[in-house]
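Listed next: structures, encoded as structure tokens.
After this come two complexes, each holding chain A, first together with chain B and then together with chain C.
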Partner chain A sequence: MQTAIQLILTSLQIGAVYILFSLGLTLIFGVMRIVNFAHGHLFAVSALVVASTVPWLVGAGFPILSAYLLGAVAGVAVALAVGLVMYVGGFRFFQRDLVGSFILSIGLVLLLDGVLLRTFGGAVRPVPDIIPGTVTVLGAAITSQRLALCVAAIAVTGLLYWALTHTKLGKALRAVSIDHEAAMLQGIPYNRMALAGFMIATVLAALAGVLIAPVTIVSPAIGADYLIKGFIAVIVGGLGSVPGAILGGLFVAAIETVGGFYFDPSSATIAIFVLVIAVLLVRPKGLLGHG
Partner chain B sequence: MDDLKLPYWAAGIALVLAATLMVRDAYIASVINLIAIAALTAVSLRFVMLMGELNFATAAFVGIGAYTTGAAVTILEWPFLVAILAGGLMAGLVSIAFGYVTLRTKGPYFLLIGFAFTEAVRILYSKSTVLGGTSGMIGIFPPVALDAWMPTVIVGISCIVILALYVLERSDFGKILTAIRDNENVARTVGLNILLVKIACFAAASMAAGVAGSLHAYANNVISPGDFSFLVAAFALAYVKVGGEDNIVGPLVGSVLLVILGSYALGLGGDEHIFYGAAITLAVLLLPHGITGLLSGRRGRSAAKGH
Partner chain C sequence: MASTIKTVMSRVLDTAMGTAIVAALGLVPGAGAARAQETIKLGLSLPLSGTGAIWGKGSDFMCKKAAQEIAQAGGVKVDGKTYNFECIAYDNKYNAAEGTKVAQTLLNREGVKFIGGSLGTAPVQALQSLSERQGVVLFTTAWGPSIKGPKFPLTFTQMNTPFEILPPLIRYIHEANPQAKSIVMLNPNDATGRDTEGVAKKVWTETGVKVLSSDFYERGTTEFQPIAARIASLKPDIVDLGAMPPADAGAVLKELDVLGWKGVKVVEVGTGIDGLKATGGNAIEGVYMGAAVSLDGDTATAKQKAVNEEARVAIGESLNAIQIGFYDAVYALKAAMEKAKSVDAKAVGAAMPEVTFTSFYGTPVDFYGLDTYGSRQQMRLPVIITQVQDGKLVERSRIVPGTK
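Take a look at the complex of A and B:
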């Protein structure tokens, strides 16, 4: 029983990050019909900025929590700047062009790979504990940091869900993702919505990077691992579907945790792949995908 | 059937092979090997693009070909040509099974599942002790008699496979692929079995990718799981995009140009990732039809002016 609770808790922690990640991917796909492989690098940029500013600010005499918050603001700001350059300089011209945008994003992936390695170096960067200590939930131990990560990720997901269903912007985004021409006929400015969707996705990736920085080892290669899991999550859930991204994120995290516990992490990755093939065999557009 | 321009091809291949016979410098020979393998991979990637799909599993099939040849040579001690054929056939067989499931999906799903497949296959190699685990396989040597002529052999085999894909593209089969890209449902209404055609196209391209992998194994003598990440497909995409995808000459031009420039930049201490990344990004933004598109576009314009 205790093992089960521990496994569920771990799945939730990993799943929380995958959800933030795949929500961004699904949002960009829904609004612009593009696949952005460089999404993982937005995540890596913000995690790297946090991992390099926090030790520096702590060294300058800031208390750890405010150093982390400042680092988080800096990380999100840098990721937003990179995302804006990507959109204005590139993806703007490739809306609804799957192959063109994908090729552009592969170019950006290689470019950013090299640039990040040059800027931050290949060494891994540990981040000091922000909130020390552990808590016990139903007999299973979890560090306070990971609990905070989980709560923050769930809060962001909830906020996004609420915004998409209740605000004018959210409704406009959903309308565009269902049928952009019909949305434009209703007077929704498509280009502004595309920019908004892309930037919201960037913020989600940046927040995921900020949250993951203290509980993992940060290196420029960190984006690629999460990217592949994020993509698998959206394939399983269905590209463009918000509930699908959440479901897919949890699905991938659960298999990874359970498989990693009973076998080993690489078998878990292969198991995820086999299950994705099985899902596609039954539903070629993912569990909750349509259109 | 269209005019295949076979005399031009024969002349071109003969010229290239004659040029490789002149090469005595080991570094130049290795660059020529790289170009031939890169061109074959890029042509394979482009062949699936003919039916409108981006096949990122190309990287996986290059790896399957290389590992099959590696196992055939080091464990089974098969002869040279048989080992290369085995690499191509194995990649083709796996691609038929993989394609049977995944080609029901389209566009982003097919693309992403190919990407995931590449990573999954890489994990399989690194877990298999027979295949050398994470450190890979060593000692994949060509026969001693061929050793001095490797560039000629590798370029020759690449040319044959590229020519075969070209003939296939210009045949009625190629026209069906274009029809599928333009509108799959219309193609279905005239009674074509779309899934079967797609699998055939995918298998042909994957066999070519497998042969490219076999040649890579022989050229490098050493293979490891790290050689066959999705970057193989990303680089192939760079060759196709920079050269131009409208014509089979495009990927050839792209691979010759980028491999030479890339090796030169690497020699100067440049960064391969930044170089290829910048090449793809600039090509997509500035040259949507690649270098060959630029040339034929200019020719088309001046011809129009002449009339």
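Take a look at the complex of A and C:
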């Protein structure tokens, strides 16, 4: 029983970050019909900014929580700036162009790889414990930081879901995602929606980076692993589908956790790819994909 | 327009004249020495991006450091001529595909005849397939026994490998922790990890420790909770994280600590404490390592401390055994060229097993390996056993291998 609870908790913790990550990917695809391989770098930028600023602020005498919150604001701001440059200077010209956006985003990956390495160096950057301690849930151990991460990720996901279903902007984004020409005929400004969708996705990636920074290995290469898992999650769930991204994120996390526990980590990784192949064979548009 | 061209020409001439005068006065570093000197390119194939970037950057730094020291000391004297080294680094991304591209670039475009260092078993195998055929001397940190032996007379290893490190390290750990009877092993799922696991499993078994499980994970993994949960569930006395990069090993140890596992922690070819501490925090206390070097303590010389401090500023971490190997290879090449009285790669390769040079470790070092590899291709470097104590790296034992 304790093992089962430990595995469920682990799946939820890992899945929380995968969900935030894949929501951004699916939002960009839904609105702009592009794939952004540089999405992981937006995540890496915010994590690196947090990892750089928090120790500096703590050294300057700030309390740890204040330092982290200031670092988080800085991380999201820098990621937003990078995202805006990426959109205005690049993706704006490749909307609904899968091949063009693919090539552009690969170029951006190479460019940002070099820029991040030059700016932050290759060394792993530690972030001090923000909420120290471990809590026990039904006999299973979890760090307070991981628990806070989980709660924050669920809150952000809930907020996004509410915004997409209840606000004017959210409804407009969904309309564009379903049929952009019909949406434009209804007076929805497509270009503004594309920018809004891209920037919301950037905020989601940045928040994921901010939340994961205190509990993981922060280096310029951090985005690559999450990008692969995030893409698998949205492909399994269905490109462009928000519930699909949530389901896919949890699914990938569960296989990674259970497979890694009962077999070995490499087998779990293989199992994730086998799952993608199986889903694509049975449901080419993903579990909850449409259109 | 004409006046602009005239101004530019005038500036160029002024600059050229100024440089010539300064050079004549010997004020430009190396300018005086450069008059009768030639440059020997040292190719480097290493990861300069991704998770191994810190090792690659530090290795490049150490190659350049040794080349700079040799230039300042008057260069390499061969047959009445003086040569200096130039280190040329290319990013192999720690994989075979990029390693192949780097090999082609170094050997066929740059025309390099000496590889001052190469990192990562898979890219090194790609490089070696060309270097031996083209008569190029290859220094490598790669571990596989398959890349050494009489079939590869121009290949030399510039750091201790699991064959050198593991027997004394495991014996030491076993003697210090006789109550520990079972072990779980974890390694990266690549040539480096597989090579390490093969040797380690054999030595642990011979020591009488029961191997409960030996797993592999993919490099680049960032979530280690499932792995830690599996390890903790097996309840081993020892956890051996073999060839895991320090940051990954630290992350596993932290998760194990959260799960309440207490036991003997080993990162067999762990190269340093900085990355380990960055992710592992206090959970790294007591970790044994076989490839780390303590350059802060009393055992370090003033020179070692100074270079280490310079490296910290340049790359953000302390130096490790891998990076030191790139420094030592430059001095080994200098010694072999001077012994061979030639800069011909084949002659230098033939002279290499006979040379002795002063290593960064501060002691004379030669080549050995007849017993293990069938030829003298391995630098006889001290095996330094370290342990983390109160958050610092402490040297526990230093073993100099035998003569063969």
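As a working rule, the second predicted complex is superposed on the first by the 291 of 291 C-alpha atoms of A that agree within 3 Å, B and C clash if a C-alpha of one lies under 4 Å from a C-alpha of the other, contacts with A are read in each partner's own complex, and residues count from 1 in each chain.
Please note the rule applied: a residue touches a chain if its C-beta (ideal position, glycine included) is under 8 Å from a C-beta of that chain, and two chains touch if they have at least 3 such contacts.
Values in this document were obtained by computation on a predicted structure and should not be read as measured data.
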Answer with clash or fit: chain B and chain C placed together on chain A by superposition. clash
May I ask you to decide whether A:129 touches chain B, chain C, both, or neither, giving the answer as first, second, both or neither? second
Which partner chains sit in contact with A:188 here, chain B, chain C, both or neither? Use first/second/both/neither. neither
Is A:276 in contact with chain B, with chain C, with both, or with neither (first, second, both, neither)? first
Name the contact category of A:90: first (chain B only), second (chain C only), both, or neither. first
Examine A:163 and indicate which partner it touches, taking first as chain B and second as chain C; both and neither are also allowed. neither
For A:69, using the defined touch cut-off, is the partner it touches chain B, chain C, both, or neither? Pick first, second, both or neither. neither
For A:98 in the superposed arrangement: first (chain B), second (chain C), both or neither? first
Touched partner set for A:266, first chain B, second chain C, both or neither: both
Go through the superposed model and pick first if A:113 touches only chain B, second if only chain C, both, or neither. both
Return the residues of chain A at which the contacts from chain B and from chain C coincide. 113-114, 117, 266, 269
Which of the residues in chain A come into contact with chain C in the complex? 3, 6-7, 10, 13-14, 113-114, 117, 121-126, 129, 134, 141-143, 216-217, 219-222, 224-226, 256-262, 264-266, 268-269
If we count contacts the way the header does, which residues on chain C are in touch with chain A in the complex? 48-51, 53-54, 56-57, 189, 213, 215-218, 220-223, 225-227, 229-230, 233, 246-248, 251, 258-260, 274-275, 277-279, 281, 315-317
Which bits of chain B are touching chain A when the two form their complex? 49, 54, 101-102, 104-109, 111-113, 115-117, 119-120, 123-124, 126-127, 231, 234, 237-238, 241, 271-285, 288
Note: in the complex, chain A contacts chain B through residues 29, 35, 89-90, 93-94, 98-100, 102-104, 106-115, 117-118, 228, 231-232, 234-235, 239, 266-267, 269-270, 273, 276-277, 280-281, 284-286
